[in-house]
Structures are given as structure tokens and as C-alpha cells.
């Protein structure tokens, strides 16, 4: 049976206007934008993990926040279960909020230090009035804590975040995310702040919920090695655009875009016997206020041709379930 | 942390944690004990004062009578017992201090939260107003305002409170600015929480401790301002306050006859009350201000 | 935006603030219930003050509507016309202000400079010996000094050093009736009178300064660049003065700016207690005597000084911190 | 005799409630031109050990025992005056967040010049010339020496830190998480630069990181730390291919790789202990699947199981028979 598409994004753009002081606007009239997300398309199905990967400032987090309507999209369309939610008002959005959740990178920052675990985990139920009685609320929280293996739940319910270890905190964050039984979770670097030795547990937990509750994940990371273990498909972002996308193994084992190639070769491998030839990129990513014309990667690309400086490349099919946007490929 | 602690209600553990930290601060405890003493004096003044202080029957001695067994701290220019007046004066200092600081903190808290949370034009406007009030010289303005409004305790409270909120507003705003960018606020919004919910449930609990510390520090400023205004003769003549006593002492030439018993005790009490709040405020700030946390 | 735009911006802000002060000054005395300004004039017995009314009606257009009076008031201020004193009948307020201003600037300038130097010195000592006796006593003494009402300390000084010990004059600025054969003698007498008020001001404010300096330094000590400086093998003095103090100065400059208002409050009280004929005492006298034109002018001058000092401090900050993006 | 020999180093932090034994008996040594990786998870004491070598501990930290022999002289017992002559001239250090490690109000060039002038008898012009050479060496435009730290990008600041670390031609460079805050492509640039400079200048390097993959590509020796102690210490090949300590094995199984077969990632259950109250016996026993009673009672010693291969586990010999 074909899985249903949960999230679909078309030509999504998010430009942040640069707020300047009143006086600065007197001296120059030019409106400036940080083009954080600049035309992104993808879809995620049930029980599927789609990974958005790239370096800091490439727009991957903004994409997730825009899909969740935490920031207003500048342009494009967002569909949830086929419904267009791009411009829904706060009230109309409420039923969808229950179905979409987010997990953040830093479990030390994503839990309010002044709230107890009970307050934190029950919040989605409280603000949406999804409970009949205090007893039911307590039972639901206990169940959620058990599901994330914080057992027995009574031992954890009334603790504060600072009384928990990093791994336990991230479990609390996951409990909050799954308590409303969402269909979609955006996980923004869910394990990058955790110690290596406990990452696998958290990832396993997320994988279990994916299967049990048919969740669609948007997995955001800069760490391609971890992405390789948890994702089904991947999109590589550079400066607000997806430059290569497709099946995770196909993209990582046979990268087609020069940026993906460089990115993968830059990742160190925990195996001293493996000797690889490295592609070291020149310079650093340009300022997203003034993205370069043509292909955005051309100033750092070792293979850049004249056409790359002038025209933006289109996404082309380079293999089964594998697409890339580069002039070398078309 | 022991297992028993976990069984306690969360808010009790919070208070307990704060108290544990506060107990370790010698300055804070000194301040707290001083404050308790003054609170008792303020409440019990009518009982413990040896002589009446209001009305004609309060003239119980000879003008400028030096300290004696009957009048431990002598008498003022009207022959009123100074020790009794000092006890009564505690009430005005604490009342004005608390109320003015409460008013200033309340205004500062509201402006800080609204400005920081909503940002944009509202923030710009409120912060420009704050900047302006911040540079208007405090006491000179209070003098003019008090002179125009006329002498009464409530006016004094108003005059001090209306100028004292700027620091709190700025501090709270900067806290709110960083809080609202924290992921837990975004998580709440993603769960469908409204602005009101986020402000009351997430922002407020995180800035209240700081506002509390500001208020305690604000009391010391307010007590000093009240004393200054009263000393300049702008206080409420129907109530006895320490500043007012110093005003009369100065006006009626206590210095010329060396009536130290009239000049020195009121100032010591003002200092002691202010010290109580300054010490406590300093201790609170060290415990609660996130800026200092990494220093320890 | 460059430094020049920043300067322009800062000065425009200053002008807006001054404008607000002028408006407060105007509306407080004219628009408050009962119009204190007119009430005073009307309450006067027949005589010279009543004649002033005509002059004031002409000068400030008191018979015109309020908004027009406001414009006239601003226009007059811009031309330096503060009006005439009610008490010293017929004397222009600007003349009184000009007589008083130097005294305030000398006293406050000296006291502020000494306060900052002494306060920072103690703060540096305390921070350098964190947790030791010198540090703990700086904190305790600093907080206590900050808590003393300045006017009372003045009274105690007069009582002890003036009345009992007779070391210093009780009040005033020069010995009355004394003949000075040269300016030097005059200066010595002036400074002798200034010693007590200046000491009182320094004592009360230096404590706070020491604390702020100490805390700013302790904050800087936790920064990684201090560790880098130590790792580079620099000696402690260099680490302290070149790396720590320079960065700790930044919050200090902000505090200097904010403390000018506090200094102005101290000026009013100290000048009153010691009968120092400055602007602060003028404000007090004017208020007590309902000499509103004088009060307005005195408040205006104090505000201008505070605002100007603030602008200077802000510019200093921008100069010290390369990160300021104006 | 090795250039640097650390023997039974103990570093404790005094806090309310007792001593935090952040480093509690650490051994390793380093020859000229060698690169040692000091690996472990957060709070295992690796940064403390680094700061301890240069005696840069915070005021509540102290060296509670052991030796730090640099060319035979014990840095741990040296006077403040003498150790200062070793800092930067002989041993320099690169800190993790380069934004905070550079003084924000001093031009980056001046911060390097300052280090040169503190140790070498040269004029300021010569120091500036040297600074400009260093900038070229690390691939920065010498003009940028006149910039303030906030005017440089993260990668450039880390290059400045490297240039600064090399300013006085030290023998040993300690790099504490030098690339953690950087993006992968910039990390690759910086690591490549460090490897190149280490070879060219025949530097000794201690690389402190939680990222085992970085160590695999950069170092020839590895010390794995757990809860203030050395769990295992050997050459890089042995650590990654034939580890014996259960912690090392667990750690390597938990690290994902972009290349090679996709084996299932396995977590180590539990979390590292509170070093104010470390568990008795072997500190790893609460998380160890092979733990026996003896592990709860007796602390294992760091023993040499093969030439140059040390591990501290009661069951090292048994572990040899359990395939990795």
C-alpha cells in the first residue's frame, strides 16, 4: 500500500527583512532581505524520514519553522495532508498544531527551566484543552513518559529540567512532542548536543514512534554521518536552496553535485585505515543577503564554468530517485 | 537531590532551593534580620513608644532637652520625645519605600515585557520614552513635582514611583528579548499556545525573580528619595518621618546648639533601613541574575 | 552608518530629550490644576511683584491660549530669555543662573572626578583579591556608604568637623567679610569651604563605583580571552590592565552615563546642606519661595548638563568598543 | 625520555560539598612530532587536563597530585614565574570558541605581536613582520591583521588562533576542540591546515575532542578518557580496530560513519557519573555490560596489555577473547 503524503512544500521562500533603525532608513532607501529559504520543494510521506542537511545558515532550520508556521512564509505553498495551510490564521491553524510537533537541538534550552516535567509534557494538551479532568491529564503524561522510557513516571513528573541529564531532557522533549499523537514531527538536530554514547538510544526511540504512530519526520542536521543511519531520503541545502535530493544511500554513496561531493569528503571518518582524497573547498559560504548570481555555489565550485555565473541551474534527474541542480549534469 | 525532595510540590522545592542559596549569603541574612526588626518596630510603634507623638499632648519635655532617663534621646524644638518619634517614623519610611518600589517595579515589569515581547514600533516607542526618563535628573524633578502636587504621603509615593521604573524596564526587556528567542517559547507556540499563555506561563515566571530583586533594591532608593524630599521640606507635615525630623532639626538650628541627639539618630535609622534592603537586594541579584551565574 | 551619522543621531536624540524637558517644565507650572504660575502672582500683595505681571504677560503672552504660550515659551528659551525672578524682583533669571553655575560645576566636577578615581581604584583592588578581606570589606563598606543619606552625612560632618572640632567652616563658600589681597588667597578660602561638601559627595558615591568596577572586572575575568592572555605567558599586570580593565571599562562608561542623574540629586542636597550657592541650592530655594521662573531655569540647566554628559559618555563608549555598529 | 610525560595527574575542583575529581590519575606521554588525541565525552576531564598542563586552572581548581614532566622538568611544581616562560614559548594552546578566546577590543594582529614581544627579544616592527608571515602561513590575507575579531568569520578567527599559537615556534601545541564550532567544510580546511603545519614544523600536538572521527584522521596515538581517568591508551590503529576496554568498544560502536557498512548504532546505557560522588570501584561499572562484583569494589589499574597498549579494566585478558 502506498503511504500517504503528509507534508508537501512547493517553492517555499522565507526572506527576513533586515530591520534598520529609523535613522538608517533616512540615509538609504534600499530594502534588504536575508534570503534564508529561497525556493524549496519536497514532500514527506507517512513513516518516512526526510533529512534536510547543510551547513549553518543554509536555511534548513528556517524551512522547518516555516512549515510549522512559526515564521510566516514569504512565498510558496505548504500542504498538510493535502490541505493548504500556508496562510491559515492562528485560530484556523489550531487543529493542525496538534498534528505537527517539533523537537529542538539543545535540550538545555528547549525546556523552560521554571516548569516541571509535568507542566512541560502536558502543555500541548493544556493549551488545546485536550483533556476532561486533571486525572486524565496526569494519566496521559504518565503514559507519555513511559513511552519515552522515563520509568517510573512518578519519579520524573515533578522534577525540573536542571535535575535531569541531557539524555533524559531530550526524552522529555520527545514525550511532549508525541503526547498529542502528531502525524508530523520536525526534529531539528535532535542529538547533536548529546554525548555520542547516548545518541543511538534517542534515535531508536524516534524510530520506534515513527513505526508505531505512522509519523512523518523532517530530520534537520549538519551531521551527514548520523543522517545516513536514520533517514530514507535527503535534501542537501546550500544558501537557501536544495542542490541535490533523493534516496539517502544514492545521494551519499554517489553524490552528483560538486557541493555534495565536497561536503561528504569533508566529513572525517572514524577509521584510520580508510584513506580518502579530499576536496577542500575554497572560502566560506557567501552572505545570504547578497547571494551570488547564477548558481549560488559557483564562487566556491572547483568546476565552475561561465554559464554557472549567469544562469541558475534547474533540478535534473540524475538517476532513480536522485536529482541534482548543476550545469555539469545537464 | 534526595528522593524525598522529589515528592515535594514543585513550587515548594523552588522556594526551598532559593532559601538554601539565600541562607548562605551573610549580607542577605544581615539585611533580612534588620528588616524584620524594623517591621516589628513599625507594627508595634503605638505600643512600644513611651510618649505620644501626635497632637498637643505630645509636648512632654523641654525644647532641645538633651538625653536623660525620661527621654532616652532627648527632645526636639517643641519638647517632643525624639525616641518615640523615631519609632513612629519607621512606618512612613517602610510604607513609602515599599509602595513606591512596588509601583515602579510594576510599571517597569509591564513596560519591559510588552516592549520586549512585541518588539517593533511598540518597543521603539516605549524604549525612547524610557531613555528620556532615564536622563531626566531624578531628585530635582521630584522636587518640582512634589512642590506642584503638594505635600502628602501618596503624592510622595507617586512622585518616586513614576520616575523609578526605567532601570527595571530595561533589565526586564533585555531578559524578555533573550527569553522569547529561546526554543522553549517556540516549542510552546508550536503546540498551539497563545501569546497570553506564553507571556504568563513562560516569560513571567522567568523574569519575576529578577523583578523581585529589582523591587528590593528599589525600596532602598525609594526610602532615600523620601528622606531627601522630606528633608527639603516637601514631605507630609501631618506624618512623622525621619527625613522630616532632620528637616526640623536643620531648620530650627539643632546644629548651632550641637543637639547631636536630634541630628544623628534619624540618619542612622535611615541608613539601617536602606542597608537592609541594599544587602538583601545585592544577595538576591547574585543568586537570581543570570549574568552572575557563571561567575560562581 | 559611520561615526558622523552616529553623532548626528545621538545629538538629535539629545535635542528630543531637551524638548521633552522643556515641555515638562512648561506644562508642570502652567497647565497643572490651578495654574501655580498665575496663582503665585495673584497671591502677591500690591507692590513690585504685581508690576512684574505686566512684564510677564507681555514676555510670555500669558493672556493668550495655552498652545500659543507654549510656542512663545520655547522661542524665549531659545533666545536665552528665562524671564525675571519673582523674589529678587526685576533681576533676569539668566543672570542668577550664570552667577550660580560655576560654583556647581566646580564642586560637582571635582567630586565626580575624585569619586570615579577612588571608586575604580577600590574596585580594582577588591577584584584582584576576590574573597579576601580587602574584597569583602569593599563590598560591605561600599553597600553601606551607598545606603547613607547624603544630606545627613553632611549634617554629621558639619556637627563633628565644623561645630565640635572647628576644622572647617560650617557652610558657605567664602569667609564672610574677609578681605582677600590676591586671587590665590581667595582660591584657598574657596577650596577650604569646598572640602566638606566635596568629601561627603565622594564618600557616598565612591562605594557604588567600587562595587560596579569590581563586578565588571569579575565578569571579564571569566572570559576566555583572559585565559588566552594568561596562556600566552603575559605577566599578571599586563593581563589585568591591558586585557581585563579595558573590557571592564565598557560597562563602566555606561554606568557613568547613567549616574549623572544621581550626581544631580546629590548636588541639590549637598548644596542645600552646606549653603553652597550653586544651581542645586537655587532649585531648592526657588521651590521653597515659589520663585517659579528660577525653578524652571535651574531645572532646565541641570537637565542640559546631564543630557550633555550622557552624550559625551555614549560617544566615549563608541570610541572604546570597536564592536559598536553605531 | 619522551618530551612530555604526564604521570598520575590529579586535578580537583573545590565546590560546596567537597572536591570534584575532574582528573583523577591520568597518564600519557608524547614524543617530538607526535600527535596525541585526547578523547572522551563531555565532563570527562579532557579540557581540565589540558589546562592543568599549562597551569591555567580556575581559582577553585588545583593539581592534587602527579607529575607533568616536560623535558624532564615538572611543570606541576614550578613557580608561577618559571611556568610563564614555558607558556606559549614552548607550549601553546588553541581554545575552542575562537570568538571568545580573542580579546574583542584589540586588533588581532596586536594580540599576536603581544605574545611575540612577551617572549622574544625583538622590536615591534619585527614582531609585526613575523605576524604577517604567520598570517600567510595559515592562509589569511596579512591585511586582516588590522581587523578586530568581530570583523572576521568563524573559520578566519580559528586560523588567527592557529597563527597565534605558532607565533613563538613552540614545541607543543594543545588544541582543545579546535573545530567543534565550525561547519564541516571549514572544519576540513582547518584540520588540513593543522595537519600540514604539524608535519612541516615537526610539532607535537595534543588534540582534545569528543569527535573520534577527527582523531582517527589526525592523530597517531589516542587516549580515551572516562570520568577523569584514562580508560584506554594506544596507537590510533589499535584503538579503532582492536580496542579492549568495554567503554572504548561502546564508544566506537556508537559513532556513525559516512563511509563503510551501515551497522546498527549501539548506545551505552546510562550516563556518565557525577564526579563529586564517583561510583566506587571501576567508574564505568554502572554502564558496563561485562561488570562483575569486583568491578564495584576495586578500582582497576592502567596496565600494559601489549607494547604501547594500555587499558584499565579487570577483565582485559578476557576481553581479548571477546571479538570486537
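Just so it is clear, A, B, C and D label the chains in written order, and each chain counts residues from 1 on its own.
In this section, a residue touches a chain if its C-beta (ideal position, glycine included) is under 8 Å from a C-beta of that chain, and two chains touch if they have at least 3 such contacts.
Not measured: the values here are computed from a predicted model.
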item	value
Shared chain contacts [chain B and chain D, defined touch]	A, C
Chain located farthest away, centre of chain A as origin (C-alpha)	C
Chain closest to the middle, measuring from C-alpha centroids that were averaged per chain	B
Centre-of-Cα separation between chain C and chain A, whole angstrom	55
Distance between the centres, which are taken as Cα means, of chain B and chain A, whole angstrom	49
Rounded Å distance, chain A centre to chain D centre (Cα mean)	32
Touching residues on chain C, where the partner in the complex is chain D	130, 223-225, 227-235, 238, 242-243, 246-247, 250, 320-323
Interface residues, chain A side, partner chain D - complex	55-56, 165-168, 195-201, 203-204, 222-226, 228-229, 252, 262-274, 276, 278, 280-281, 284-285
Interfacial residue positions of chain D with respect to chain A in the complex	41-42, 153, 155, 183-189, 191-192, 210-214, 216-217, 236-237, 240-241, 250-252, 254-260, 262, 265-269, 271-272
Chain A residues within the chain B interface of the complex	22, 65, 68, 70, 90, 93-94, 97-98, 100-102, 104-106, 109-116, 118-120, 123-124, 127-128, 155, 158-160, 163, 173, 176, 180
Contact set on chain B toward chain A in their complex	1, 6-10, 13-14, 124, 182-184, 186-194, 197, 201-202, 205-206
